[in-house]
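The chains carry the letters A, B, C and D, assigned in the order they are written, with residues numbered from 1 in each.
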Amino acid sequence: MMNIEKIRQDFPILDRKINGHKLVYLDNAATSQKPNSVINAISDYYKNNNANIHRGIHTLSEEATTAYEDVRDKVAAFIGAKETKSIVFTRNATEAINLVAQTWGKTNILPGDEIVISAMEHHSNLIPWQWLAQERQAKLRFIELTPDGLLDMESAKSVINDKTKLVAITQMSNVLGTITPITELSKLAHAHGALLLVDGAQGVPHLPTNVEEMGADFLVFSFHKLLGPTGVGILWARPELLEAMPPFLGGGDMIASVWRDKATFNELPWKFEAGTPNIADVIGAGAAIDYLMALGMDNVRAHEIELTDYALKAFQTLDDVKIFGPMDAKLRGGVISFALDHIHPHDLGQILNESGIAIRAGHHCCQPLMRDLKVWGTARASFYLYNTKAEIDLLIEALKEANKVMGHVAYR
Amino acid sequence: MMNIEKIRQDFPILDRKINGHKLVYLDNAATSQKPNSVINAISDYYKNNNANIHRGIHTLSEEATTAYEDVRDKVAAFIGAKETKSIVFTRNATEAINLVAQTWGKTNILPGDEIVISAMEHHSNLIPWQWLAQERQAKLRFIELTPDGLLDMESAKSVINDKTKLVAITQMSNVLGTITPITELSKLAHAHGALLLVDGAQGVPHLPTNVEEMGADFLVFSFHKLLGPTGVGILWARPELLEAMPPFLGGGDMIASVWRDKATFNELPWKFEAGTPNIADVIGAGAAIDYLMALGMDNVRAHEIELTDYALKAFQTLDDVKIFGPMDAKLRGGVISFALDHIHPHDLGQILNESGIAIRAGHHCCQPLMRDLKVWGTARASFYLYNTKAEIDLLIEALKEANKVMGHVAYR
Amino acid sequence: MSLTDELYRETILDHYHHPRNQGELNNATIKIEGVNPLCGDEITLYFNADDKTLSDVKINSHGCSINTASGSIMTECVKGQSLENVKEVINTFKTMMLSKEDNTELSEELEELECLRGVKKYPVRIKCALLPWNTLQQGLERLSSGKTDNQDQYVEK
Amino acid sequence: MSLTDELYRETILDHYHHPRNQGELNNATIKIEGVNPLCGDEITLYFNADDKTLSDVKINSHGCSINTASGSIMTECVKGQSLENVKEVINTFKTMMLSKEDNTELSEELEELECLRGVKKYPVRIKCALLPWNTLQQGLERLSSGKTDNQDQYVEK
């Protein structure tokens, strides 16, 4: 069990007042807040060790290099990866997916091949595959959802076939909260000779994650959603895949020998890290992992199941509310998308903000899913380890208030 | 005139002790140190305003969006760009060059076309053009240097012709310190219908820079060399070029409307910023600009000319030393590459480190230039606004010491 | 009265719940979409016009109250007006929303727009209010350029 | 004695200034390059060998003192040795450089390697010392795989 009150003290922003109210931050699926240990890791680095890495022989450069490279080990341990060299630092999950599409994709996808994603993918796990499919005359196919918002495994079985070269799927939906059956999908994909890319942008911060158990071939995620700084994402891939992939961006650090007309490339993982990396934030990301490992991801997950269960029940006490996604907290993460009958999510977001409650409103970068759900957007409250049941009570109270402000006129 | 002692107090790392000596940081061409205002801008952001930007309606998101977007105005002002929408945030200069090569390049370079760079380009301004040239069956050509390390304008005139589509050139060499005649090159390139990309990674941090006066079409640079955080680079381009360029990476934030099988793209500059950007560090970068603007880039440059002049003269008091690059401080930046006859640069770097002096040793990501200079690497001392003549004296003293440690045996 | 109450003053709620001129125009001279990628608001605007007059206008809104109300009031202000007038109305409204000062005068015919003035205090919402107007403006540009291929999309910046 | 003096102890400087077995071997059984991309050190290693013995070896170094001395001593240690012995020498040296403890014993024939033990205190320099050995190791692998196309490059990790 985690002591939430103690945890909250590690997050300075939680003392922030918004419109006279204490901040209730329920926008964690967009980005998480950061503990002092992460903030301090970054400023300590700049105050004591800052230097460019890899190519330096002086003390600062050596310290910076060690600190930066040590985070790779931490990331590997955090996601159960066997080899440190399989961890590539990117800017964010989005860049990591683009990297795979532009290197693995362009060398492996041929005309007539099929790429399979799901109906609830984030634009970041859709656009790169749209482009790749267009460029390679391949086909992009979609696994549909069940009426209650789960991944439909019947649909998966019908779209994944021997033409499938890649299944790219979210570990947890950032709209519905749905957790997908990754291990099953992995078996299905592998049975047809396809690879599995897991978009862990939502999953890795909230669920215990092990790439070997999942049977993944690629995993991507972003540290800013995982208590870490902005500007750091991860691409993990099986080393033999990375070895075979051509480099992504060209420049300093990713080369071995360079002539005017040709170049040879560096070893893994540096082959994929061109130019000066985001050193300070990678070190900050290491502090985020330390923080979560000390708490234990099982405990984080348990807390979020408890919160989500509480919230789902509380929502049902409201009039005119519709919740999107599964109603069983064990099948989903703490991301609750909802609609009130007569209030546009955008208006709702603003009204809640008057009480210091931060939620998100809009399409959540999932426009195709919105089209399927026949809405233009949803309101979304999403939780993390520092959220409390008291905050959910405040949310529910404020939603009742909102109904008053906007009136109950049953039009449109 | 700048008060250097006062400036030094803004940089906490300068109090650092290395091997019992006060740090003498002369590795600024690799990365610069950061003032408190930059370090605090980042931690203040995480402590008070952290949220994901653009898509949020709550207060934190609005504050974060405003703070992030305001930096674009600052960058535009700093480099004399007329339109804020012409400023694209990237990870570093390297990514910015790759962006141009992969979007503008792939839509504009045809078989038989020529791309012109110089003999002293950083790998980051070489590899992307090698790839583009290979892919498009175009030709990569090189402007040579004069014997004293200046850009040879006769050579420029002979390689730039009507087949040239792009001239991509460093504003200042990170090895020789050479400042290139950008305005002349711009006229030459434009007279042949070619565009000019300026690699400002070394130039922008140290020289007053104005894209209009330079006549540039593209300018790239990195904030980590400019008092700013790691993880933020800039691509500036003439807006009509950016409008015509296809997007680079696909994902959240760079789209307008998305369907399962197609998408339309966002306006400039967001079309080129896929996924959650490095929000905190962009805000830190804004603080770096504020710091430099308050001092005035003319003053920064004047200080560095003074230091460089002093250093060039002091070096000449050493035995067996060779300096690479122009000997007139007005024609070069404060980057001094040198060799001692009997000491490998790598050894030299380590010996100086024993006295707390941080220099760099190696090929400085310019292997083709090293081959031209017929060396395997150089030692390099590089200055910034917080360096002093006293530090240069310490460097010279330590170099004399090094000659003793390694012995004067005139072999190899 | 809380800030929110002020924002959602009655006129806005009225137009939100009973938007005027909603729907489609068959065979419209111009059909144009407007999108705000940042929040996902989308509208489709239809109008009939010759080179002098905007004779009819309809809008299909799926936006928030501000967006819907702004579009609804806009249709009332421009329907049947000369193109010249329409442009002036657009200018007046955009000036009101975008100028730092808060002293744009609204004529009697435009006084319904008054209720949107409060939106200025909420910078993120200004775009919600502007989307219909910017879309109309782009539609007029297309009209005068003669390119009436009905393929256009206005993207809010 | 300062740390630096210790590092640059006489044996290293001697091998740095008078490297043994420097140069090229014409028609070598194996020619292989070794590169440390992080500092730019490059060596070219040549050796003659059948399936039992490494009969001759030459090295072309352009590295720092540690790199050059390490390569020079290596050639002395392995020249004329059975392949089995060579592999053992490589193992011994790599263990000495990479193990946390500092208790690797060096036999009499290898005692010249002793001078490189001090390098362990300078983690960035360990790669300088290892490059010739890793390159030799890769060369031996190529020998036993039968791929003697002389196109190989070992890249230090």
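Quick notes on this structure:
The rule is simple: a contact is a pair of C-beta atoms (placed from the backbone, for glycine too) under 8 Å apart; a residue touches a chain by one contact, two chains touch by 3 or more.
What you see is a predicted model; the values in this text were computed from it and never measured.
The minimum number of touch steps separating chain C from chain D is 2.
A straight line joining the Cα centres of chain A and chain D is 45 Å long. Centre-to-centre, using mean CA coordinates, chain A is 32 Å away from chain B. Here the spacing of chain A and chain C, counted between their Cα centres, is 36 Å. Residue positions 38-39, 42, 125 of chain D are each in touch with at least two other chains. Counting only residues that touch two or more partner chains, chain A has 19, 55-57, 255, 257, 346, 350, 361-362, 367.
Interfaces, counted as pairs of touching chains, are A-B, A-C, A-D, B-C, B-D. Chain B meets chain D in the complex at residues 19, 342, 344-347, 350-351, 354, 361-363, 367, 370, 376-377, 405-407, 409, 411-412. Put simply, chain D touches chain A in their complex at residues 35, 37-39, 42, 123-125, 153, 155-157. Interface residues of chain D facing chain B in the complex, by the touch rule stated above, are 2-5, 7-8, 13, 16-19, 38-42, 62-68, 122, 125, 128. If you check the complex, the residues on chain A that touch chain B are 12-13, 16, 18-19, 23, 25, 27, 30-31, 33-34, 38-40, 42-43, 46-52, 55-61, 91-95, 97-98, 101, 122-128, 130-131, 140, 142, 222, 224, 229-233, 249-255, 257-263, 274-281, 346, 349-350, 352-353, 357-362, 364-365, 367-368, 371. In the complex of the two chains, the chain B residues touching chain C come out as 54-57, 62, 65-66, 85, 255-257, 264, 266-267, 270.
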